């Protein structure tokens, strides 16, 4: 009948989908009266931040999917750790708005970019904690040793922390780094696929 | 094929997930021009209220999950009681915004905190009514006597009512009490798990 | 494996859940500076309209659920009619905001209430069209003649149209009528259940 | 038990449903003080743009549904292409707001309509890329050759690109073209159904 993990998936998928879709609310309609094309062009950080955050949430969702596939059931600790992860994911529409607003204004956007990265770092920590707990709970995991190693998801923490610190140099640099990270995460498994066949990474 | 309770789960999960994710909308991007870090720090009640409400909605969702697992089917009365519960849950983004706005302003935040607690009390009443009805309807419940006792969910009512009254003394005290309650609810089953094994609380 | 109607349910449940949860956005946090309790009390139409609309969306969802249970598959016409229905449901957060804003202002709230009722009438028309099409398509319906009659859902059209017209006399009267209608729809099947047993209306 | 494509459906359905429901937020409640009926009438572009975008998102959802039905599993490339598609879908609430705001203002609405069409063109490109990739990956597709041809979904690209360019002549013309396109897409399969029977297009 129903997998024991189906409702945690339903709730999590809901939060991921709503958080991704709410990102659009930070894109502003230029006030009537100015030249519309020029005004739209001036808001490029809103579109860039939208794309980066949407892609990032999508990648977290894919990885979350991959973790839950390896679980045969969940306990309260895992539900709690999952809630902490979702709490950081649902913050992303705010940090995206913060980042794009300050990039548009060209003022203290380095601070805004560092805050953006700090939330991503927190998200990585929550993600690693979730997976580290699951792999050590042999009655939760479907097939011990079959899932991705802890290292795979832990690499995000130092990388996002470093990007967050570096973005204090320049907010635009921060945006570029977050975009590159999202693309790396999205495309790295594709490269891997080329080497090892498609069967195992669906 | 499909469980008779699957669509009530889908609708409820949707409301829980959307309500939790909408909480982020009350977090405001500081106006450009001030010192950004200082401005962000001054908005700490928004982050605190976000975390408390997100965790609380998550816990209600976990408990809701636990109740529905014990039902083999639903009737119109149960659907109606569930709607009343969801109506209080979907109010939480409003009460969270109210609480954080008045805490930031440092004005009448005790009244705002009491209103926050009043809605939580109403939510507890709705939750208890839902469960009390279900356990007395033998054709709805999967295995009479197997689910959690009515007492377990009823304890929330007097506790939230008391916290709501006490928060009239101070809005910050209210926030702390709601945070402690959320953590207690989240962690209590973990302690229980330590005693009785993981099998029964997944 | 998967019911042919499962994805139309998923999309519809999503729209119902999001529309119901978005209703909270029309409830406003009173500006800091006035007496908070008095200000909150003055906004009673926002809470009343929230409750009426939430309950109404919930009831439409229950009835929608009941219709889809009788379908074994869907065709493009049914998907199209369902989209029209969802389009009216997703308008309710707007009409609710309109109604409560004008009731709070005490100005032309009769017009706002009539518009609210007009959208509800449109929703009833869409709902009846959906069911009327389904019952006449013998390859869609699971068990011809087993579902509710067309009349059952069609009664909403003249009733909402009349309430919409009558609310031109007074916006508050309109709000009361819509509340009574929602409660009647919610509780009528309960009375029916008392007569005919629980088995058939779950 | 669970189809390999079920979680990509859940996430996608969530984004479709939330994007469609968020469209209502661009419909504005007229400020109190003016004649309400006249003010509501003046906002007709908001209702028209709402209906066109809601219908369009609904049609994309139906077609997306149809594609996923032909897949037996997904790989990372397909997940990535799906994310790009969803990213364009979730932009529609913004372009809808842009279009209706500038149509109401009667100023540069041709530019706004062209931007609206440009995003629709981008969405068509993403949709075609998704399907083109899937049909060429024989281990993903359930039954090679059984699904719709690539041409079927590719026709949207030049059509939306042309409509986008033509709308530079007039924003209202653009709105009419987008409405006609949505209706054509919604009703074309109905005509087809009349010819070929209902069995294959559910």
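Residue numbering begins at 1 within each chain, and the chains themselves are lettered A, B, C and D in the order written.
As a convention for this text, a contact is a pair of C-beta atoms (placed from the backbone, for glycine too) under 8 Å apart; a residue touches a chain by one contact, two chains touch by 3 or more.
Everything numeric here is computed off the predicted structure, so don't read it as measured data.
Both copies, chain C and chain D, contribute mostly unmatched positions to the interface they share, with under half of the numbers common to the two.
Relative orientation of chain B with respect to chain C corresponds to a rotation of 90°, obtained by superposing CA atoms and rounded to a multiple of 5. Among the other chains, the CA centroid farthest from that of chain A is the one of C.
Chain C and chain D, compared by their mean Cα positions, are separated by 25 Å. Averaged Cα coordinates give chain A a centre that lies 36 Å from the centre of chain C. Residue positions 10, 13-14, 17-18, 22, 25 of chain B are each in touch with at least two other chains.
The touching residues of chain D, when paired with chain C in their complex, are 3, 6, 9-10, 13-14, 16-18, 20-25, 27, 29, 32-33, 35-37, 40, 50-51, 54-55, 58, 61-62, 65, 186-187, 189-190, 193, 198, 201-202.
Those residues of chain C whose C-beta lies close enough to touch chain D in the complex are 1-2, 4, 7, 10-11, 13-15, 17-19, 22, 25, 73-77, 79-80, 83, 86-87, 90-91, 93-94, 97-98, 101-102, 105, 107-108, 111-112, 115, 137, 139.
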